[in-house]
Every structure is written in C-alpha cells, then in structure tokens.
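There are two complexes below, and they share subunit A, which is joined by subunit B in the first and by subunit C in the second.
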Partner chain A sequence: MKKSVLFWLPAAAISAVAPAYAGQYATADEAAKRAFPEATTFKESVFQLSAEQLSAVAATTGLPAKPALWRSLTAMNGDKSLGLVVFDGVIGKYELIDYAVGIGVDGKIRNVEILAYRESHGYEVRLPAWRRQFVGKDKSDKLRVSEDIASISGATMSATHITDGVRRIVAVVDQMRVAGKL
Partner chain B sequence: MHPKQKPIKYNARVFATTIAVGLALGMTATAASAQSNESQLLSKLEQLANELEKVKAELKSMKAKQDAAPVAVALVAPVASSAPTASSDTVLSAYGELNYTRPRGDSSGTQTDLARFVIGYQHRFDTKTKVVAELEVEHAVTSADDSGEVAVEQVFVEHKLNDTFGARAGLFLIPLGLINQNHEPHTFYGVNRPAVETSIIPSTLREAGIQVFGEHDNGISWSTGITTGFDLTKWDPLNGESVESPLRTLHQEGQFARSKDLSLFAAADWRGIPGLRIGAGFTTGKAGHGTAGFLAPDARTTIADVHARWTPGAWDLSAVYARGTISGAGAFNQSFAGAPYLVPKSFDGYYAQGAYRLRLSGDYVMSPFTRIERINIGKSFDGVDPSLNATSYRTETIWTTGLNFNIAPTVVLKADYQKYKIVKDSDRINLGLGFSF
Partner chain C sequence: MSISSTSIAATTSAKRRANSRSAAEPIAAPVKTLRKRATPLLGTVVEIAVDTNDEAEFVDATDAAFTRIAEVHRAMSFHESSSDLAAIAHAEVGARLRIFSDTWKTLSLAIEMERRSNGLFNPTVAPTLVQRGVLPQPAAVHARQARKTPALQSSLAESISLEADNHIRVRKRVWIDLGGIAKGYAVDAAVITLQAHGIQAGVVNAGGDLRVFGNFEHTIAVRMPSQPNQVFPLAVLKNLSCATTAMYFTTADTIVNPHPDGRSIRPQKYESISVVAPSCAVADALTKIMWLQDLDSAACRATLDHFNAYAALLDSAGNIKRL
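And now, the complex of A and B:
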C-alpha cells in the first residue's frame, strides 16, 4: 500500500500545479507593450553600427561587439519617441536564448523579456524576479553577473550570457543616441 | 510537393510510352523496310533513352532540393532576432579534469590523474524534442591492466509538452544535492567534489528511467520519476570501496540493470529570490530484486538531501545535508561473519561552504573559498550486536581551503589544502585544471 501511494505521487504533483501555470514566454509584441504600456504605436526599425561605434561598444562592455543588424521596435506616443525594444539572441550553455530589452529615451532599462529558452536546465532566467534586477539600470551600471546582477545556481552560463547581452544592447543603444539616430 | 515535379513525372511516362510504341511499331514493320528503319529506330531509341536519363537526373536533383528545404527553414526559424547569433541543431560539449594530489604524510603517494574526460552532444530534433548524451572516460586509460572506466554518463530524450511541463526518458542524472546535475569543474570549488556529494550522494548518480518535470514562474521547479534502483546483492563485505561510499558499488547505471524493484525519485527547488536556491530531493526503492536465497529480500535504499545556495553579489555561499539509509539488511550483515565491511543502516553528512569571487581584469576571476564537511559513512548497522554499534564509524571532519582561478569563464585552475580531523594521513595538497564547453 505504501508503495502504491509513492508511485501515485508524480501524477498528484502534476495535477496539483497543472492548471495554475501555462506558457510564460513573451511574444515580441508583448515584450514591447510591457516595456512601454503608454505607447500608442510601435515602429519597426533595423539599424547597424559603424566600425567606430562597434569599437566603442567593445571598449565600454569588455565584450566583442556583434557586427549585426539590430531589429527593434520604436515606441511612440503620438509623435513622441518613448524609447525602443531591441531583439537579440545569445547562446546560453548550448542553445540559443531569444530575448528583448526595452530601453527608454533616458537610457534606462524598462524590461528584459525572454522570448524563447531551450536549455534543459536554467529556465530560471525567465523568472520575473531575476529579470527585474535589470530594471532602472543604465550604462553607468556594471551590468555583470555576480556584481550587480545575482547569478543563478545551476544556470550560471545562461545568466551570464544574457547579462552580457543586455550590457551590450545598452551600449549599442547609447551609441545610437549619441549619433542622434533615436 | 514541388509544383514542377508532376509535369516531369508525366514527361517520363510519355517517354516510356513512346519507347514502347516505338518498339511495337518496329516489330510490326515489313521485313523489307525493317533493315533500313532498324538503324534509325535504334538511334532514336538511344536518343530517347538518353533524354530519359537526363529527366531522371533532373528529377532526382529537384527531389534532393525539396528534401533540403525544410531543414534550412528549421535552422532559421527559431532565431527571433536579426542579430547573427549562430545556433545549430547539434551541439558538441566536453569537459575535463586533471588533478595532482600530494598527501601531507607520505609523499610517495603523490599522483597525477586525468580524473575525467567527457565528450557529449545535444541534438535537437525539433523545437520540443532533443537528445542529450555524455560519454565519460575516468582515469585516462581503460584496458585489462588499467583501472580506468568508460561509461555513458547520461543519454536521454527530452520532450517539452509546453513552456512549463516536459518529460525525459533514458539514462539521466538523479536530481540530488548541488553537484550531481551540475558537476563540470568550473561549477564547484576545490579540486575534488565535496565528500558529502561523493560518499553520501554517489555523484555522478544516474539511472535509467522516465521522469516528468515542471518549471514555474513562481520560481519552483520540480521533477519526479521512476528509475532503476540499487542492487544490494552486489555488496562486497571485503571491498573497502563498499564502505567509502556505501551506495557507489550498488548503483546500476544502465548496465543490465536489475529492474524487478524500481526506485522513485522526486526533487524540488525554489529560486524565487535572485541569487537564492533552496531545494530538496530523495530517491527510494527496494534493492533485493527477488533474488532467491538473498538474506535481505525487502531491503530498501534511500537517499535524501536538502540544499541551499545563496550568491549575493560576489559571495557564493552553499550548504548541503544528505542522508542515506539501507534498511532490512540485518540478516545479510549477520552472514558476513568476520568480514570487515558491513552494510550500514544509516550514513549522512553535511557541508557549508563560502567563496568570494574577485573579478580581476578581463575574464580573470579569483575565488578564495573554504568548506567544512562532517561526514559519517556508517552511523548505525542492522543485525549487529548493539554493543558493537558503539564502534560505528566516527564522524570525520574535513576542512578544504583554497582558491579557484578562472582564466576564462569555464576554464579553471585550482589549488587547495584538505585537512582531516581523524584520518590525518588523508591531509593533502591538491592542484587541478578543469575546462568545459
């Protein structure tokens, strides 16, 4: 009898929590709306940094700059630009993590949203509590794991690579602002 | 289907029909004209055959292109970003540990060991299904004259049902403690894994089975499943290894694993506060497997643990308590008459560890740490005269102090000193090199 109780535990555990939680990943549109709820429209834009700007990003972040075309959504309220949401992907431990970073015109991070996480371990990077650590930070912050961003036990690589990615995006957006392109 | 495929097939049929008609015409032709027309027909036939071959080749190449098309789409599809980050369906991984140990008492016991070299891969079949595999070589060489070991450390298929729930089946790591599932050299401090997580939890503990798991937004993650368990009939009362880690010689690891008795495991972690992880787990199951004449037919083995890790800023603090029991082995123990190593009824240990990650320039990180462990691999025994239980093993205290020096995030040089309170001969200096990717 005792054994049969033990063997039913898995089913009980699933049925207890199953109805309470469903999919938790944000879509690109949701990520944008969460960053800028006051926005009336979002304009799609693609931008690329010059060689000088890439060097500046590498110098500021201590990371190799991605010579990438960055995809973003600019949040507008009427004619006024509120900031933008930049979409990116980094490798966690083995697999690609898709994420988005919302940054206001003041350069401060509005949100970090995980769009897709595929690793077997380390899903915790998508937890709101962990992502909230980035909110309000800007280029004057370190934005480094084990310094101003707490690591995640069992998901160090994912936490580190997302944090590095966010630091890079903050620097990239800053370059765009300096160039008067935002 | 490719839109151009059908007409090509049709053309092939037309050509074949033409050949048949041509042959028929050839056969019914008059004998007089036969000889003159024969050469013309043959040359036409040859021409037709050549064209047919061309069409076949074209069809084959189009089919190949068509088959390749969905793969190309699948590779591109998961990339939501326009940033050119590489991602492949198949990813190679590896880790290795080279250790140097010099005992403080008897320096003749100094040795260098390529403790582990592991290569693995992960292959994603689609967005929901993948296989994860690791093949391990321990102690560098395996042959009839060497004591190395080649083993499959894990190979399992994972299928996600949705963003929250999934299932795994195969040979997988049992979720106990902090090390068993995350054991690459850069993830732990010191050259050797903590004694609690090698002697009480015999990491890397893996068994074959099935499991379901869940990962929730409130920070709770859990997994539970049914696996092959331990086999107590393998206990050797003359083998010291049996007692260094009571369950290490009993695990089955997917090799002709006796499966009449299965084990149940369950584990849960909470990471609701950034940097904090609190969790617990257990695995339990009978270990006699209905063996005829076995003196512990109802023996049950259980390991349970509670663990916590907190990483505020540059600090890395962790603690684990683990306890194992083997019940119902009294008569089995009594049969050993005079043999040195009995089956313990209970064994346990804990450790507390503190490390500080000092980031130097670039990726260089130096982490001094210290760890205290108290461990008892035989607290009590079934089937032994109670007066003898007074001689149960004593609790050993081990201090490990040293530093990890990361020259890259996952490449680490290690140095530490281990001090034993009871078995002082075990005091030693360890140096190590580890990497993983």
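And now, the complex of A and C:
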C-alpha cells in the first residue's frame, strides 16, 4: 500500500521578498529535438515579415500584428527540411512566458513547448517564520521551501495568450512558406 | 511552535489525524531534482515534473501523459462540438449514448458528489453559466438546430442514468459542464500514464489542480487571488492531490464566482479554498462543495472524512484555517 503524507505548513508569520518566481522547463535545443526527434541538424535562422505579410497575418488571425524579428531553428534531416521551431514570448496573467512551436513542412503543429516563465511584476513568497531557522542549516530543509516550492495550487497560468501566440506563429510561418522563404 | 502532521492511507478508510510533530524534527524525505516540462492544455499550462535522468524516458513518458490529458479534454470539454458532453447536450430525451469510459467514470463520480453534497455539487449549471456569460454557448448549439436552453435548474442524477458498458440514458435535456472535476480526472489519468511508462515519482499540475505521486514529499503553495503576486506556502504532500478554488479575477474589474449553485450562492468570507485528497478529481469536486457549504457544519466534516480529504481556507489577511 502506498503511503500518503500530508502536513500543513504554519500560516505565514512574516513576509520575505524572494527572488522572482520562475520556472525553467526546456532549452531551445531541447524543444527543437522534442519536436523533430528525426532531425540530424538544426539551422538557426531569423526572419521578419514585410508590411503586407504582417497585415495578412493580422487578417487571418484577428490578432494585432507583431512586427517581430522571429527567431527559429530549421530542422534538417540531411539536406531535407523537416520543418521549423519558432521561438516567442507572451505575457500571461501574471507572468512572462517563453515558448516554442514546432511546425512541420506540412504546416501542422508538432508541439508547443513552454521554455520558461517568470513573474511579470514583483513576486513575493510569504514565508512562515520557521523558514528562517532552516536557512543555511540543513540543505534539504532549505530546499524544501525555497527551490522546492515548485507547485502553486489555485489559478496560475492562463493559456489564452499562448494559444493566440501559437495561432499567430502558424500564420507567420504560412506567410513565409507562401513567399518561398522556408 | 508545532507543525501538525497527518498521515493518511490513500487506499483505506483508516484515518489518523493531526499527530503533532515538532518543527525541529527533520522531515525525512529524499529531495529529488525533478525534470520539468510544460505545455498549454485544458485552457491552462500543464506542468509535469518527474524523477528521471533519462531524456528519452522523460520525453516518451511526458509526451504520452500530455496526449492522455488532451484525450480526456476532448471527451469532456463543454466547448468542443465533438465531445461527449456536446453529444449529451444534443441528445433527444430517452436516447441511449455510448460515451468514452473517461466520461462515464467522471459522470459517475459527479453523481456521487451531487448526492453526497445534497445537490451543492451540480454539474448541470451550464445553462446558468452560459446565461451569465461565464461559459460560451456550447459549439453544438451554435449549429443549425439551435435548441431551447435546458431548464436552469436540474440535477445530474435526474438528467442521466448510467448504464453498463460505457452507455448512458438521457432522461432530461441537460447541459453538463464537468469543468474542474474533468481537469482533476485528467491529472489523475496523466499520473497513471506516467507510472505505466516507468516513472516512479513526480508531480502533475494543471493550473493548480495537482497530484504528487511516488516516494517524495513536495511543498505546495497557494496564490492570493486578490493579490496574485503573493503566494503562501500551504502544505507538504506525498501521494496526494490538491485543488484550489476561489473567486478569481477574470478581467480587471469583473469577478466571477465559478460555482453558481442555482439554489444558494453564498460567497465565503475566504479568498480561496484548497482541498487535499487522494485523487485530484475528488479534490477538485470537494473545493466546489466546500465553497457552497457551511464550513463549520457536521455535513462538511462528514464529506471530507468520507473522502479522506482535508481543507484549508485562505483569507485576505493571509491567514490559513484548516478543516
């Protein structure tokens, strides 16, 4: 029988300003390999849409144009292009989210991988008093409350802006394909 | 100062409550470095953290778990026209439908929750939510044969009956929104998938509905809904789930209570309610019930006890009260 453990942490007694809460999930290279495991090499490229292409993207997606310099990795298997991974960042409800979208040559999404997120404005972890007594004393207990607060229960990230961002990237890549730039 | 600790057996009804343990006593548990991955699913960002050093095993297991979550979402999304719930919303009274076993199991739990809470848990409030603009019209209803909205007040047990072999019988026209309970079920399903791929320990967190599994203890915190940049450490969990519900801000100036029980909407004085329970689907359903229940009542205590569950209430001053 598996053993379950629950113990409540005491209510916050003091507040301490902690470094901005952040989550690191994947590097650009890891995201690219997960989207295209069959790729042998990845070629870095940067592209930008023309004013006409930007309006076309805005028209198809119904989203404001983003005149960005898009950073991407083209997945290659030998000389053959398999597709590309485009990198972008959006502002969520309370956080900045970096993510990557893998799109095959068929225009289909391979995967959406969150790379990292960080709080968009100061973030305070209200730590209970007992937290202080552990600092520097016991590595495991220190980890428990600082680095180890990996999970927050309650409404956290909103995926709306990521979903919009993914939609925009699909349209951007489509424009590049139409223009023969991929 | 003492930390109260509780060990509960997830698979039996045995309960050992609130054994006191001194703060100085070390918390004996291996600290694991978990490999994390996240992707947008279920309208939120789903984060999976697992204990493995093998990138191939990590990617295979998490790919499978994300796929499983997407599958559960497709079956039980109120918004997707191809979902079981859309099929039920469309069905003629008397129709017998075959649905996914995931939906069948979740409906079965929903009926139990409705019964145990004397109707406080009510997944048939979708018409009310649509009327209030909290939910969009179901896709199925945009279609040509737009039908009259079902009665605002209904009960799941009166609206459908569960039959063998993943079938249900539609007794009344009904719009069902499984919302959080389906999200919790998806988290539970993802954990089973990870375990089937050889993952021994980890955490699945779907926007705050989370489950911790395996031989390690994991600290969780809750966010203050009215001051989202404040986070309060809540509990350390092992082989347990936690779900939190609150009056969340949907836009800068609108607060939407996500659980409008048609009979009585009695906003709690607390900012959020978290429930810890063996399964995430149960934890999520119980947060809804707690929100509408008299928290000091015997009924509330009995409901928590029945499911081996515990609740914690966060008020606007940052105080956490435990039930």
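The definition used in the following text is that the second predicted complex is superposed on the first by the 119 of 182 C-alpha atoms of A that agree within 3 Å, B and C clash if a C-alpha of one lies under 4 Å from a C-alpha of the other, contacts with A are read in each partner's own complex, and residues count from 1 in each chain.
In the analysis below, a residue touches a chain if its C-beta (ideal position, glycine included) is under 8 Å from a C-beta of that chain, and two chains touch if they have at least 3 such contacts.
Keep in mind the model is a prediction, meaning the values are calculated, not measured.
K.L.:
Quick one: classify A:Tyr25 as touching subunit B (first), subunit C (second), both or neither.
P.N.:
both
K.L.:
Quick one: classify A:Arg34 as touching subunit B (first), subunit C (second), both or neither.
P.N.:
A:Arg34 sits against subunit C, while subunit B stays out of touch.
K.L.:
Quick check on the superposed pair: does A:Ala59 touch subunit B, subunit C, both, or neither? Answer first, second, both or neither.
P.N.:
Touch partners of A:Ala59: none, neither subunit B nor subunit C.
K.L.:
Applying the touch criterion given at the start, work out whether A:Ala68 contacts subunit B, subunit C, both or neither, answering first, second, both or neither.
P.N.:
The first partner, subunit B, only.
K.L.:
Can you list the residues of subunit A that touch subunit B in one structure and subunit C in the other?
P.N.:
Comparing the two interfaces on subunit A, one with subunit B and one with subunit C, the shared residues are 6-7, 9-10, 21, 23-25, 94, 121, 123-124, 126-130, 133, 144, 148-154, 156-157, 160.
K.L.:
Per the contact definition, I'd like the list of subunit B residues that touch subunit A in the complex.
P.N.:
For subunit B paired with subunit A, touching residues are 78-87, 91, 93, 122, 124, 127, 130, 132, 158, 162-165, 178, 181-182, 187, 212, 214-222, 224-226, 264, 266, 269, 271-275, 277, 284, 309, 311-314, 316, 318, 357, 359, 362, 409-410.
K.L.:
Inside the complex, what are the residues of subunit A that reach subunit B?
P.N.:
Per the stated touch rule, the residues are 6-7, 9-10, 13-14, 17-18, 20-25, 28, 46, 62, 66, 68-71, 87-91, 94-96, 98, 115-116, 118, 120-121, 123-124, 126-130, 132-133, 144, 146-154, 156-157, 160.
K.L.:
Per the contact definition, I'd like the list of subunit C residues that touch subunit A in the complex.
P.N.:
1, 3-12, 21, 23, 26-27, 29, 31, 34, 36-41, 43-45, 47, 49, 55, 59, 63, 203, 205, 207-210, 212, 217-223, 225, 228-240, 242-246, 248, 272, 274, 276, 278, 310, 312, 318-320, 322
K.L.:
Note which residues of subunit A are touching subunit C in the complex, please.
P.N.:
Of all residues in subunit A, those touching subunit C are 1-12, 21, 23-26, 30, 34, 37, 92-94, 97, 99, 111-114, 117, 119, 121-131, 133, 138-141, 143-145, 148-160, 162-163, 166.
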